[in-house]
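Each structure below is given as structure tokens.
The same subunit A turns up in both complexes below, where it pairs with subunit B and then with subunit C.
Our next item is the complex of A and B:
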């Protein structure tokens, strides 16, 4: 063996990382790395604790451990946290006593990006927020900007908008069913869900040209009219969708293990849901019949007939059933839209760069996760002065620390999946 | 010099080596079967690239783990961390010793084969607990404790349901149990309660779905295996599939006549042909139950940890005691 000269030796990258961490911490005035080598369980009890001084009463309560308690850090890299959600769970044995959801790992500053974009290009930036409901993401700003600019989309465009958002709702709810089963260890429903989703995505790709971030809405209309491929695919899909969703449902709905794990689990009462601002299927599963499409009709929803479905129990199982029932309502709506769709143009006359008069506008839609809304302020320039989005999954996740204590680690994932968060929307 | 002792020892060493070598292809076949069956049930194609019709996919997985970096966490207990995969793997491999594959085709025909089998297989829980404890990871710790709770609890109904078979056949030797079934028909007809208890408890004992809490990936990442990589992880992985094979083999031996054909064994079939005929039926039945286990994995969601304990102590244990009681009465009353 030849001796390695310490001067020319290539340093161990892990050592380099540690040195860098210590240097950055010293520069920021933070304590040195806590995993002090030497003690037998060094660093074990500090996993998950924030490396800054605790700020609020709630944080101090959360991160103070009693005898027999342990912090468990789940995420942002964890097999089932739906993207980059991080949960710091305080456990006693397997029992969860407290929980702290930590957001922000997917923050892309979309609101700021939108404030630097012209009104017409804002609609391309909001797509990747709630990436399972891209159509709804575009719908709310389109409504807000039309109000701001004082134009009206043509009737046919409104019908096409309603059609694509209902299609989007079908696949989003279908995926939630699969992810809920996956987080309980059922391997197959998610595959069936994705097969169903693929049918809808192909359908939407036929009309918009893209499979995930559709970029289909325009201020004052939609990008394309319905075409032959879309219509023929829609007919085929409509004939088989209930069967394929039924096949998937057969694996779950009456399964004794599934029922045993979801009934009475994570009960959210209607009062609590309203107090926290939870909307959408999660609110309706708690027995509150609030649906933006009925309560504050936008687009053409006041001309269509549909029911606001509610469940009574407010547990995980109710939230699951709520999704299945809403898929049926969406298919009912699609029938009516196809029946009533008028002829005409699909895009109003809009200048290339819109300069609305100074003012404010609010547009809200019922996305698959709840009330998704946009508040835009114009100062008369070509870009929004302020562009604020309310994302429903962000609000839904706030109830997690309330639902979780008293349940087991296994149930954290079930309850989280039943709230159906999409981290792209939570972190914006 | 006692040559019979030497001969016996040589036979034992040869048989053990052969069985250890057999575990590798067995694991490959079972993994390949699982990949393909799950794929077909989920309307996918499954592996179809490596080798003819994708047949070598699991083999290539096996060689892949050899090539991967073998890491040990900084603060792990290195000695026990290294030892744990061996404990789990050897527990699975050594319990293969008493399985009768065909007439006369058994590595060691102990007169206490049943006791040996469950004693050795029960050792794997020690390996899992050690792996969970030494990894210096909270997920591993939770998984290790779960495995201890689960496997120790389910060993009780598992063993009690086998006691019914032992009472019925009057022997602890697997070849005697098969000989009894040749004379009186398969044990499953006499153990209509014992068989489902054994089936459920054995599924839980080898951590298969819906009882795969030890490595529940949506909850505790990979349980005790979280920090393992390379061939150490490979040993855990192989041990799991070897255990699946062994449990199916023992289920077949105890309740479905082992290597016996469903109809009376042709008397003239002796020697080599008889062994082949026995192997055919043994593997056919064993792989049927492996298929059932894979089928359950694709269909059922995972059970929760408190429900798991409830099933063991409130349902299976009383039922297995009832089964034992009824079998004992029947043996005495009808002089079976």
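Our next item is the complex of A and C:
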């Protein structure tokens, strides 16, 4: 490093920060910061360490470094953290030894907002939570509110609901596959995934009017009946979707590089998955056949025929195969729903402002990321007294500190992508 | 559920049953032991913690921690309600039974200020670490509700010292910063802070 005259050089932002810190410390009557002032490493050694006393046992374990370890900060603006997730990674060389996920960069307080909104408007607030599964986000509150209010959606409405959530599941799983490949450096599959997603999104826009935040469910039914444009698009899409899935599979499933980087990586056993609260495809890829659609059938799922698919190995590759199989299962369900759909109204008679009797209700659905549930309490007023959402990706991310030790830094993103978190849901 | 009340006559109180949920109430001292039995006893088989939520019943009332459990042997969700005093919001942690309760409990601590004894990572999860309020309590009002508040015209969004920037920065840099707030203080030994020359040097690449 060449010596620079301290008088003439442009001040480094880190030095400015340190000056500010020194000034604040002096104002508080404390000694100046002790850490290696003047060293060329000044400002670098504490990257990632919280700027405050460490509070908990786990935090001290994570942020106390041993010989040869250092902290690496990924995110919240890292291109492959699927949003604004921040991971503090403790590494020894290239090997990850510990990991601490940090949340809250997208926290909007949706639960609190919903407690101040009427039952009808709650269904619009939950849309941007898990933004790749908006239909599922609306489904669970709709179920919970109908229980509270003691009404039943018409059967045609239930069939339309099942149809749109299965379509949503198809594109959500498709995107997960694309992102998984992208995070391991394969650029092509994500392009195909987005092409396929666009077809489904246009399909859902034809029935709901919007491409992403559908606002389609109502308490006691759905907003619109199926229309001609939707049916014609569905027919076209259905004719090509198997081929596009096959194309994607040809690119990935037997790809040597993909297999080499995913098999035997991030292995999650069934017992661990249950203990950590992992649900959905991630749990089934570990061999536990838990699916809310079978375990607590809601909507019309007890009238449909489908299998709960499981994989045995519980690694990243199994989670990928699980998504492929579930897409096929969803297409199978869509066929049955279109065959069996009855005629009739799509919306029950519901007053403009809903005031359920005091009570409690729990509504749970199987979202593409797992068990998504809503616990709603009514005190008889026009707004829910308490509105609690359990987002599956928030809970699934807990396994990251357990899965990562022993893997390389480059595999962090592959393992995280295989859990398929969506930060809108994680941060609520 | 009849079975449950038969097995735990002293602790469990049967509240109601609807088509797919069974509800019981437990005192907080009995939570861990009862949930352990519910999880491990093959007669119950509630192996999965589906949800854990905190509810605030308002000033003058109590908090409540609500667990939803899933069993493959019973056709209903089990809802376990645990009342927690508002003046002393402490309840035992269930992370020893389900590791996955960790984030649930961190969220409840962050949003409601309920302290889970035995949780080894009880810190804020959504709000920033220097945040002082518990936003999902019912006495934390949104700006729109200011007119409804007991002191109409004054917006009691936060404790005033949080908005005082001079105090705020002094708290940040002072080693005597009281975080968590005094009523929820977790004991942290002073020697545990790794800031200093020694740990800094170790982090350098050799």
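In the analysis below, the second predicted complex is superposed on the first by the 391 of 428 C-alpha atoms of A that agree within 3 Å, B and C clash if a C-alpha of one lies under 4 Å from a C-alpha of the other, contacts with A are read in each partner's own complex, and residues count from 1 in each chain.
By our rule, a contact is a pair of C-beta atoms (placed from the backbone, for glycine too) under 8 Å apart; a residue touches a chain by one contact, two chains touch by 3 or more.
Everything quoted here is computed from the prediction, not taken from an experiment.
Between subunit B and subunit C, C touches the greater number of residues of subunit A. When the two complexes are overlaid on their common chain A, residue A:151 makes contact with neither subunit B nor subunit C. In the superposition on chain A, contact of A:78 is made with subunit B only, not with subunit C. In the superposed model, A:341 lies in contact with neither subunit B nor subunit C. Once chain A of one complex is fitted onto chain A of the other, the partner contacts of A:408 are limited to subunit B, with no touch recorded for subunit C.
Contacts of A:70 after superposition: both subunit B and subunit C are touched.
After overlaying the two complexes on the shared chain, residue contacts for A:58 are found with subunit C alone; subunit B is out of touch. After overlaying the two complexes on the shared chain, residue contacts for A:185 are found with subunit B alone; subunit C is out of touch.
When the two structures are aligned on the shared chain, A:290 is found in touch with subunit C, with no touch to subunit B. Looking at subunit A, you'll find residues 70 touch subunit B in one structure and subunit C in the other. Across the complex, subunit A meets subunit C through its residues 21, 24-25, 27-28, 30, 34-36, 41, 45-46, 49-60, 63-71, 103-104, 107, 109, 111-113, 116, 147, 274-278, 290, 295-296, 360-362, 364, 371, 373, 375, 377, 386, 388, 390, 394-395, 397-398, 427-428. Contact residues on subunit C toward subunit A in their complex (touch as defined above): 18, 20-21, 23, 47-51, 53, 55-56, 66, 68, 70, 72, 77, 79, 98-104, 111, 120-130, 135-136, 142, 144-145, 169-170, 172-175, 177, 179-180, 186, 188, 192-197, 199-206.
Partner subunit B is touched in their complex by these residues of subunit A: 42-44, 47, 70, 72-73, 78-80, 94, 181-188, 191-192, 195, 251-252, 255, 257-258, 260-261, 408-413.
Only residues 38, 41-44, 75, 136, 138-139, 142, 146, 209-210, 212-213, 216-221, 297-307 of subunit B touch subunit A when the two sit together in their complex.
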